[in-house]
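Chains here go by letter, A, B, C and D, matching the order in which they are written, and residues are numbered from 1 within each.
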Amino acid sequence: MTIRVVVWGENVHEQTNAVVRGIYPNGMHACIADALNEHAAIDAGTATLQEAEHGLPQARLDETNVLLWWGHAAHGDVDDAVVERVAEAVWSGMGLIVLHSGHFSKIFKRLMGTPCNLSWREAGERERIWVTAPNHPITAGLPQFFELESEEMYGEPFGIPEPDETVMIGWFQGGEVFRSGVTYRRGAGRVFYFQPGHETYPTYHDPMVRQVLRNAVLWAYNGEPRLTAVTDAPNRPVEKAPEKITARGPRLHADGEEGFR
Amino acid sequence: MTIRVVVWGENVHEQTNAVVRGIYPNGMHACIADALNEHAAIDAGTATLQEAEHGLPQARLDETNVLLWWGHAAHGDVDDAVVERVAEAVWSGMGLIVLHSGHFSKIFKRLMGTPCNLSWREAGERERIWVTAPNHPITAGLPQFFELESEEMYGEPFGIPEPDETVMIGWFQGGEVFRSGVTYRRGAGRVFYFQPGHETYPTYHDPMVRQVLRNAVLWAYNGEPRLTAVTDAPNRPVEKAPEKITARGPRLHADGEEGFR
Amino acid sequence: MTIRVVVWGENVHEQTNAVVRGIYPNGMHACIADALNEHAAIDAGTATLQEAEHGLPQARLDETNVLLWWGHAAHGDVDDAVVERVAEAVWSGMGLIVLHSGHFSKIFKRLMGTPCNLSWREAGERERIWVTAPNHPITAGLPQFFELESEEMYGEPFGIPEPDETVMIGWFQGGEVFRSGVTYRRGAGRVFYFQPGHETYPTYHDPMVRQVLRNAVLWAYNGEPRLTAVTDAPNRPVEKAPEKITARGPRLHADGEEGFR
Amino acid sequence: MTIRVVVWGENVHEQTNAVVRGIYPNGMHACIADALNEHAAIDAGTATLQEAEHGLPQARLDETNVLLWWGHAAHGDVDDAVVERVAEAVWSGMGLIVLHSGHFSKIFKRLMGTPCNLSWREAGERERIWVTAPNHPITAGLPQFFELESEEMYGEPFGIPEPDETVMIGWFQGGEVFRSGVTYRRGAGRVFYFQPGHETYPTYHDPMVRQVLRNAVLWAYNGEPRLTAVTDAPNRPVEKAPEKITARGPRLHADGEEGFR
């Protein structure tokens, strides 16, 4: 089994900010892909905002099992058509892992149906991430907690729907808390949001963070053939009803007519 | 206590289809509002697609506790700005009850983050709705099940996120099942989807259906002052951190700068 | 409307520990009941371990809308029959609010189906409780966070099922986090667990804590007539099937026979 | 990878009822184990009520990845100590699949915290099971629905907590519906309840049912080392607090003392 993964990176601050370039000389996406490729079953490549169709043409999404998404400064530059394409891929079975400032990405907001907002502070403070669901596939092999000496504070309330599962909660030195690891199912696709990853800190070099990312890919992987027609609303006519019935009463739709959308 | 309710009706088939007009001579929305006004604590008015801003200007939403939504043929004609306005009202605490073909309304899809699709058949068949959560506020006073002699079949799979609660499941004569009553929380707003209500049948004259609608309004009502700034992501600067900390490390943002969106 | 509430207190450390008696001279249960009675719609009394049937005979539970439970040193002394009686009351519609060390009470473990364990430290450290669900009925009127200058540390992982809703999360000075306010539905009864309340600190004198308790009572209240026969598994014989069917095939049970349990 | 599975069968009606013996000459548990062993990664054995410790000594549970449970006539004969042992195994990471009349087993009620009751009818009627979560690991490869020509009717309301996921819903010829496939997480263990399987019908010979069972085993499998001390509530003393703090205020517990239970 090989899990085909694409790490999508906005790739803006790596080009414009010397601090970020210093930490991630090949881009954050490359660093994250490297972390994933340490697992034998994962084959991770990258895509960036600047590529044609942001590196996510339909054909590539069709063969992607899990997509990771890191964006920050240029959420608004992501083409709506690509966002919708990614959403359909998720509903049809592709896994999606949204990272850090990706909480405000179009795709995360699209799939959550909520503002996905939070409070924040950029102070290099210490974060301690607690595992609330030991031995969950995403927390496999982790200690009870791990620490990041410097992270951006993300604080509650986090404007998300009630998660299917809360698997990690972050403690911040400045006094805040945050649901740092939460899961959702959207159609046949599994979605994981993971809070660490501010670009001016070396978060994606941290061994614990890298393990979480690998775990999350394994968890989000759905080996079944992708669903098709995931937005269709098919008519099942009377003669194909599982139980024999006879039509009666007034109707809006003639035989074979499509429903309204 | 008075619960201020607006019943939003698309008001299309009532104007164009004699069958529908025969059943609902004043419009479906008026019939639904009448059902609600049978409860002393509810004060229900109506709004329609054809009114300015679809009858939902900001000032009216601001003073609405619960909004009901019935649409079918003209989902695409609803202005995106109004949809977003309603979404923000829900996040800030307004209740929302989505009816029948409203599963494909822009507002429901917006809040769910999924296709909200289903299979369907217009055959006048019998539906029997089972209460799966007895004594839930939405099912209060209902028998174990109630029947609608003719309803449109809506069949699984229903393309929604896992509901917070499944309070009713429908059985159809033709052999299908459907999660006919499901609840969600989106921000501070409660959302209820209720499946019955095809316009060529007298569903909203049914006493059980009317009771569910009144129950749902009481359940969805949030008496607290509406939240403000529900999409903001406020910076909490170092000097306002709950615990005393000192900023350190590199930063992207200067003091007082807004975050990226 | 009057909400009839019983505050159940173990009433052990108030008798044996001078510090606790000093803070709660009339017992913790009395202090909590006083907090509730500040709301005009609530009529709260008390019950203690030492009373006959622990103060919870069937007749009293039958007329109780919401029960609060504080216990710590004597969980094992609570009669199993009373625990089962309370469980049935919850399933039939009574609200239950479990406080602090009540995480290890028989009734909470009975209703959760999990160990309900946690880590702990008694160091008088500061706790800051963050609201994760603003404008939820339980958090109504609260600020973004409130602080308790001294609380017992309760740390994750908390051995509970995934909550229906996580409405508050606690930050501890010593570095831990905890899901401090979580909700569940069990049958027709709503259940709320609230973490603060160590007996050697004046927690139940805190205005924010008192507000949460009042809010939780309003939220947990179910005004419907209590369900009956909540553990029965009724046979619905062929002649009473909603749809006409004819029995066929081999059977284990003769007509009118009860099912196995 | 080999998934070690034990199929627990009550093995009563196979011995006492000629119809059941005719359908399952080697016992229902053997038939179910055969279905599982058709998958190369699964190594399934059996255990029965009549064996010492019901075939579930601690050493065997320790090496079991997933346990399936079928019981009906003799729930009361299952030793409470074995039930608690199984519960701890689930919390520590063992998967559990509860079948049909196992809804009333001690272990299922223990893990749910609710009555787990339902209504029922033994009439050989047709059931049609709809997939509500296409491409979920448990429904992988299934058609939209499958039919069992004869099953015992199990009807709502089903006295369970709100499921983490509802993956299948059953339609019954006599007019009822049932949440036929529901999932839960309890500690590190995944739990699946699957409704079909009345002993007087050949349900476990059905190819679709057998596929669901295999799928469920793969889904419930947790390859991580089993958690230990899953019911402990460890004290984390001041000197081991992640952040440096100083103890202050009154205390109940001396250093090193255990907490109350």
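Basically, contacts are C-beta pairs under 8 Å (C-beta built on N, C-alpha and C of every residue); 3 or more make two chains touch, one makes a residue touch a chain.
Since we're looking at a predicted model, the values are computed, not measured.
Listed by label, the chains touching chain A and chain D alike are B, C. The chains in contact with chain C as well as with chain D are A, B.
Set against the C-alpha centre of chain A, every other chain centre is closer than that of C.
Here the spacing of chain B and chain C, counted between their Cα centres, is 31 Å. As a whole-number value, the distance joining the C-alpha centres of chain A and chain B reads 27 Å. Rounded to whole angstrom, the centroid-to-centroid distance between chain A and chain C, based on C-alpha atoms, equals 36 Å.
Those residues of chain C in touch with two or more other chains are numbered 128, 133-134, 155, 162, 164-165, 175-176, 185, 187, 242. Within the complex formed with chain B, the residues of chain C that make contact are 92-93, 128, 133-137, 140-141, 145, 147, 164-165, 185, 187-188, 222, 224, 227, 242. Within the complex formed with chain C, the residues of chain A that make contact are 128, 130-134, 144, 155-158, 162, 164-166, 169-172, 175-177, 179. Interface of chain D with chain C (complex): residues 13, 17, 19, 72-76, 87, 91, 101, 104, 110-115, 117-125, 150, 153, 155, 159, 161-162, 164, 173-176, 184-187, 199-201, 230-238, 241-243, 245-253, 259-261.
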